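In the two assemblies presented below, subunit A is common to both, partnered first by subunit B and then by subunit C.
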Partner chain A sequence: MLTASTGALFILLLAALGVAVPLILIASRAQGARRLAIALILTAGFAGCVMAVYGFLGQMAPRLDLSWATPFPFSLAVDRLSAFFLLLVCAVTIPVTIFAAPYFDLHYSERRRNWTWALFSLFVLSMIVVVTAATGFAFLVGWELMTLVSAGLILIEGDSTERRHNVFIYLLMMHVGAAAVAACFFLFLPYSHGLDFGAIRASGAGMPGGIRAVIFLAAFVGFGAKAGLIPLHLWLPRAHPIAPSPVSALMSGIMLKTAVYGFVRFTFDFLGGGPWWSGYVVLVVAAVTGLLGILYAIAENDLKRLLAYSSVENIGIIFLGLGTSLLFLAHGAPLGAALALVAALFHTFNHALFKSLLFLGAGAISNSTHSVNLNELGGLQRRMPLTGAAVLIGCCSIAGLPLFNGFVSEWLTFRSFLAGSALINTKAQIVLPLMVGILALIGGLAAACFVKTFGTAFLGRPRSMGAEHAEEAPLGMRAGLVLLGAGCLALGIFPGLLLRPLVTLAQALLPGAGVPEETLSIARIIPWTAAIVLGTGALVALFKRRERLARTWACGLPGLSSRMEYTSTVFSKPIRFVFARVYRPDRKVEELPADQPYFPVSISYRSVRTTSYERVLYRPFVEIIISLAYRVRRLQTGNIQVYLLYIFLALVSLLTFLRFQR
Partner chain B sequence: MGLVGIATEKILSSFSVFLFLTILLLAVARRISTSVLLFGLQSAIIAAEVFATAFQEKLPEAYIVGALVFAIKVVAIPRAFFLLVKRLKTVRDVKASTTPTQSVFIAAAIIYLSYAAVHSYGGAVHVPDDPLAAAIALILTGAFLMVSRKKALMQMLGLLVLENGIFLAALITTFGMPLVIEIGIFFDILMGLLLMGIFTFRISDTFEHLDVSKLRKLRG
Partner chain C sequence: MKIALDILQVLMLILGAPLVGAIIARLKARLQRRRGASIWRPYAELFKLLRKEELVPPTASAVFRLAPIVLFGATVCAAGFVPVVHASALLGSRGDFFLLVYMLALGRFFLSLGALDGGSAFGGMGASREALVSSLAEAPFLLGLVSIAVLAARADIAGMVAWTLGQDVFNISAVHILAFTSLAMVALAETGRMPVDNPTTHLELTMIHEGMVLEYSGPSLALIEWASAIKLHAMLALLIALFFPWGMASSGSGWGLTVALLLYCAKTALLMVLLSVIESAVAKLRMYLVPDFLGVASALSALAVIFTIWVKR
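Showing the complex of A and B:
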């Protein structure tokens, strides 16, 4: 009783914050009110963290029923799965808020800043509602609010035609996705007596296979659109780069994860595993998503677009884990399913940490240099040492280097693939080991991608005036970055902190699953490895001989300039060359002036990726709809009598139907 | 019983046939004034039917409704129409888009369809087939008139015929609606007529014709 009431108190606190913050901001323009609001957001984040940790450890399951105040059943509850994602939301929100405080101050005028903060807090609130919803309506309300508020946050930065176009595409795809999600819920209705999650869960087992398959597909499409699975990722590289950096961090770090939450909730919790082919479908889509995502990321020179595509890749890795888990489940091997699910969820958390870290890093860079084009950066490590260190941690984590958190989850994913060889006499026995190769390729490309990112942005010499005169980010921004970096390191060295409760969570979702041995072993080994590495490092540093400093050889030229450096474009060239079939680049070399081919003043090179989902997948679809619309428009003659005729014919046909009905 | 009782029985047994007659005649009527006359006749038949029902079922309220029908639909509305026709000085022709032969065939098809639609319901609601079929036929005919006649005045008339049908259907299936609602409906009709009258005046003022098929500038 006591725990339940404290839980309700917590949720009430969160809800009150969400409502209070915009009110304060709109009512008052005073500086103090905003500070108070920021403090409130931080408090809410902290309270959410505390509640999530207790919920995650299974010590309490808070529940809040607001049905008396709403026209439909609306209640929030925190079970283990919700608690995990609530922890993710709140843990990322705190550093992002700390970062955003100076960032919004520097970038926005007074009025816009208030709006931004108000939407920011609403955005966080909506995500909390999504992950803690306990009824279908609460989930859908949070889900829609999340989309709309994030679109508002993108539009606050400006409203050029291009931006509006991008936001339009974002909203369009999100609405299609939301329609699929709503369909998932309503498909349960004939079998369940309400849209309460408990009722849905109870009805899940007794449903006919066909409906289960439809629900699974709708959930995959609906949540896949939000998560950015290829080919539904179209909005992602458009919407993320144009949002303010802290908002990108929230969108990429948390919002995509709510889709993972929804998918896990539906397929594992409600349906208890999809149809037998579901694992294969998810695996194939996820493999394509991961590979293409990282390939596109490498080719990008805009840091934020690069990060957005890398989010696509990481979503691919997460869904690889989920697909493997479904596969194991379909073949009746809950232990392997638990391992893969733990890997996927752990990667979800890790990606939230390092991707928001990297997006915040991009924000700090753009704040100091006014550019996120990698070809205009360089040499930032010396000018922004702390930012550089934090971004380096993020890059190492995302590339999956040992001792960083990305390694643990990718390792577990690998182990779950290898465990697939135990599924004798099934297709999975062949498919899963194949995935090892694909994940290895993704990992290698990701490493290359982030070597390029860090190398061109932070090492070498500055390539532009902006980069040359860059200064270290303000205190608040550094604090946000350091917090996230510390989180990445902590989870990388002590993965057991999160792995043990995650295993319990997986056991709750997958009845009959034991404790996967792999999770225990990695949690045991990594801290010792870290200690050995650190010890060796310290020894080497102690007994190191003095360094010898010398000038870099410049092929006999008098000096080195930044024009001689590898640019981002050049760095990715070999990979773009090898994978030319994927990119199908449109290359163009322009030499000026054109009439003197042997003495060019300037040479510019352009290489554009031409693989376009719009042209191949979306354009025909859109054209069909438009041509249909034109055809329908012919009904609209403008003649009153024709309209009357439609009514008349409808009436007559209804009567005829009535006649021949029986 | 006596004379009134005999008249009542005759009316109740034969008014459907008369209504079908007016429908067929409306289909071939070429002049607006003829159509208005036919509408008045039709309303008079319905008013008689209301009185007959009132007498047979001993419903004092229904007498008021009957009187209202008579006053509004038999006297007031046709008079207003004649006034409009006179004032507008327009061509007398209804400007049908179907030939009279086609119209008759369509009207016949409408009557057949009404019977066909009613047939399956007659037993279920304890309502005789003929009056209900007549009501549905009236509704469809009103709609058909609105569709096929180009004059704005005929559209108003079509609407009124349609309303007659609805009124009749309500009367047959439920012995009429409560008096208050009935009065409200009459008020609606009057207001609608007033508005449409004003609009036809505006149309003829602005465009110097009353042919709705030429009013197509508004489409998007």
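Showing the complex of A and C:
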């Protein structure tokens, strides 16, 4: 009975997002229709959360079988892992939708607004399908839909050559990734005789080691491309910043997490752990991703590009946890594996919260100031206090500071590295504790990066007219921001809320794992530290009595102007200088007039960070493909007789093949 | 009883902090053949500042006013992790050193934001340099602590101290020497001492911490100065607790605690002499040599972690 009702809820949820919302929006352009559509998306989000909770408790796992209507088996089910990611998708969708309602109203004409909402709804639907798919076909359908719909949402914002180029790169890399994911499924086929997840799981253990290794690598490449692991991250800083802010929030906040879901599903659930070297491979790639991601983020001045690179960094942190977990698993230590997996999944959830918060914040800023260039912002805290407070919470969380949620997951990752010193294997004993240094460096740089971000955008003096005349964001936008900020704070001070279910989930994925003691101790200690910090703070705040406004001393000049203030570029200069080897800046100084070097009228200076990936890694591939294409073109003569010959040859070879196969 | 002792230890760290800074300044003055100010001067100064009116730049927002409060709260919380005379601490048995390090980071984060909110070039200058130094100091700080934690097979600071207390004084391994060297270097960077930062400078070419606090006055300045004094004291106490804890009381008896207190004062005095000699003998490093300094600290601490493999057996 209850199973039937949750199944019905499932159908209603999918139908609302996939059919009702687009139909309503296409049928009518009235304001009421759009409101109804938004209400439907919100209801679907709540329903998804409810289903996730039911699915997690596991008593009446929602299940939906649509195989009667589809060419290949298509069914959806919510087990514990799916339930966690379903909760993540739906819980983040709700505040983003609340934010998007006024945002799309202000930014788009009526026609485009309806299209945006329709695609928005389909985008959410596709992500729900991906995380709840119970067959390979359903997964691939959702996966492909997700890519295409998000590309559509990027193109809605405008249509320039550069934008098309970026979307092309996005689509290209996503399809390379999708091919690898599809290959993973097909590699299972000879052993599982079907693409049902249950059959795949059952066949996972009995497969030869070579095939398992190939599947692991294909899953790592396929999901790594979607997650944005370096060097497959190239699309991410191109595609995320040019999408509308709420869509960037969905892409960075949730879409990247579906890749984490896929990777966990394949390596932990289907394969039950990779080959012995898999942990090391993941750790190395994740460490490079985290470090380079945050270094590139610091160097950015465009807020949305900065956030995109910081997503790369956070994906690195998540995969550090996953790699550690694989390493523990390979050495037969399920308890440590559970700790690292909990850390990775907790960080996945945290990143979904604070990254969507920050992207929405960027949307609120661009809405008020018409710029996301940090060098043109400043002084927004006094003009947009609530937005500023929410973004400050997001910045503290992403910098991994205690009392905010990002700290808890980074702490768990640190502790799982430390637990590695208890392994028997000497290699792992050395490598894992040393990773503490890597994560500490990432964390330190992230703190520097977000001091810069918040400091230059919200504090000090405004550096442009737009920032000077900024006004607070409309109510709906503030509501979305505040909801996400409250989520970050709640999980930061009471991490036990999510830790306990996550431990259950990890135990379900890793048979034999107990409850890691660290997850209990952090949940106990954090509220106490919060009480001490806040209590002491409240106590010393009593000292303050009188204050007087006084102009900042300007070294005897008439007054300070915003041009004397540190900008985002200058702030990051010391770090860029120290890590110049990484950035390899391409500097251009032009002095005018050129023939009078000592008396220039104007000097222009340009410094561009060059990414050598394109030159070193991608260019050779592209050149090989192009040269192959030229060779293949010779087959295309345009002469009909030649094509008839091809058909004849194909027929003959097929017939001979069939003859000899028998 | 135990909780009272733990609270007393935190209060010692907080209330004794201005004295530590003053004694170092006095020792430095003597080494430079000056008379130096009274060692009670910082208390008078805190008292004075706390009663004064506060001047706030017109550009400042709530963050400017909040920053000193968060900094002070976080620093006090960090001090709660450090054992002083007894192998326990208020938060030391439940919380571990990662929490301690990140509490300090929380305070620093807010202080940097407050500096940027002042709207002057000096605040930005200080914050930007602090961002460089602190982001590079975090890795050696944690790695140095990790090496001791691996040996002790504990992550809580009280447990690590208790383990060290159980070891023979003469059984010092290479790991301890490497870890102590790197943590001492980090402590210099963390607390803004020479050769990384000059606590007495007001020259824009060199200042880091002083640049950040330039716009603060009155109670806010008092909180910031006090917090950095607590940080210095807590770092010294942490070094003592991790590397020279012998003599620390393991029971709550009055006699044992008195001896432990006297020994603690002697050890701190030794470190203060060492610090003042270093500060008088060494010139401040050029800004872009600081990464090399911290790089050496990182390498030492990484070696310490690697060597734990052989020491453990």
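Assume the second predicted complex is superposed on the first by the 590 of 662 C-alpha atoms of A that agree within 3 Å, B and C clash if a C-alpha of one lies under 4 Å from a C-alpha of the other, contacts with A are read in each partner's own complex, and residues count from 1 in each chain.
The rule is simple: a residue touches a chain if its C-beta (ideal position, glycine included) is under 8 Å from a C-beta of that chain, and two chains touch if they have at least 3 such contacts.
All values derive from a computational prediction rather than experimental measurement.
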Message: In the overlaid three-chain picture, which partner chain does A:602 touch, first (subunit B) or second (subunit C), both, or neither?
response: neither
- prompt: Regarding the shared-chain residue A:425, is it in contact with subunit B (first), subunit C (second), both, or neither?
  reply: neither
- prompt: Touch check for A:161: first (subunit B), second (subunit C), both, or neither?
  reply: neither
Contact breadth on subunit A, by residue count: subunit C or subunit B: C
- request: Have a look at where A:109 lands relative to subunit B and subunit C in the superposition and call it first, second, both or neither.
  value: neither
Statement: subunit A residues contacting subunit B in one complex and subunit C in the other none
Field: Touching residues (chain side subunit C, partner subunit A) in the complex
entry: 50, 53-59, 61-65, 69-70, 72-74, 76-77, 80, 91, 94-96, 98-99, 102-103, 105-106, 108-109, 112-113, 116-121, 123-125, 127-129, 131-132, 134-143, 146-147, 149-150, 153, 155, 215, 218-220, 222-223, 287-288, 291, 298, 301-302, 305-306, 308-309
- prompt: Along subunit A, where are the residues that touch subunit C in the complex?
  reply: 379, 381-382, 385, 388, 392, 396, 399-403, 407, 411, 414-415, 418, 421-422, 426, 429-430, 433-434, 436-438, 440-441, 443-445, 447-448, 450-452, 454-456, 458-461, 521, 524-525, 528-529, 532-537, 540-541, 543-554, 560, 564-566, 570-575, 577-578
Field: Residue ranges of subunit B in contact with subunit A within the complex
entry: 97, 113-114, 116-117, 119-120, 136, 139-140, 143-144, 146-148, 150, 155, 212-213, 215-220
Query: Can you name the residues of subunit A that touch subunit B in the complex?
result: 636-641, 644-645, 647-648, 651-652, 655-656, 658-659, 661-662
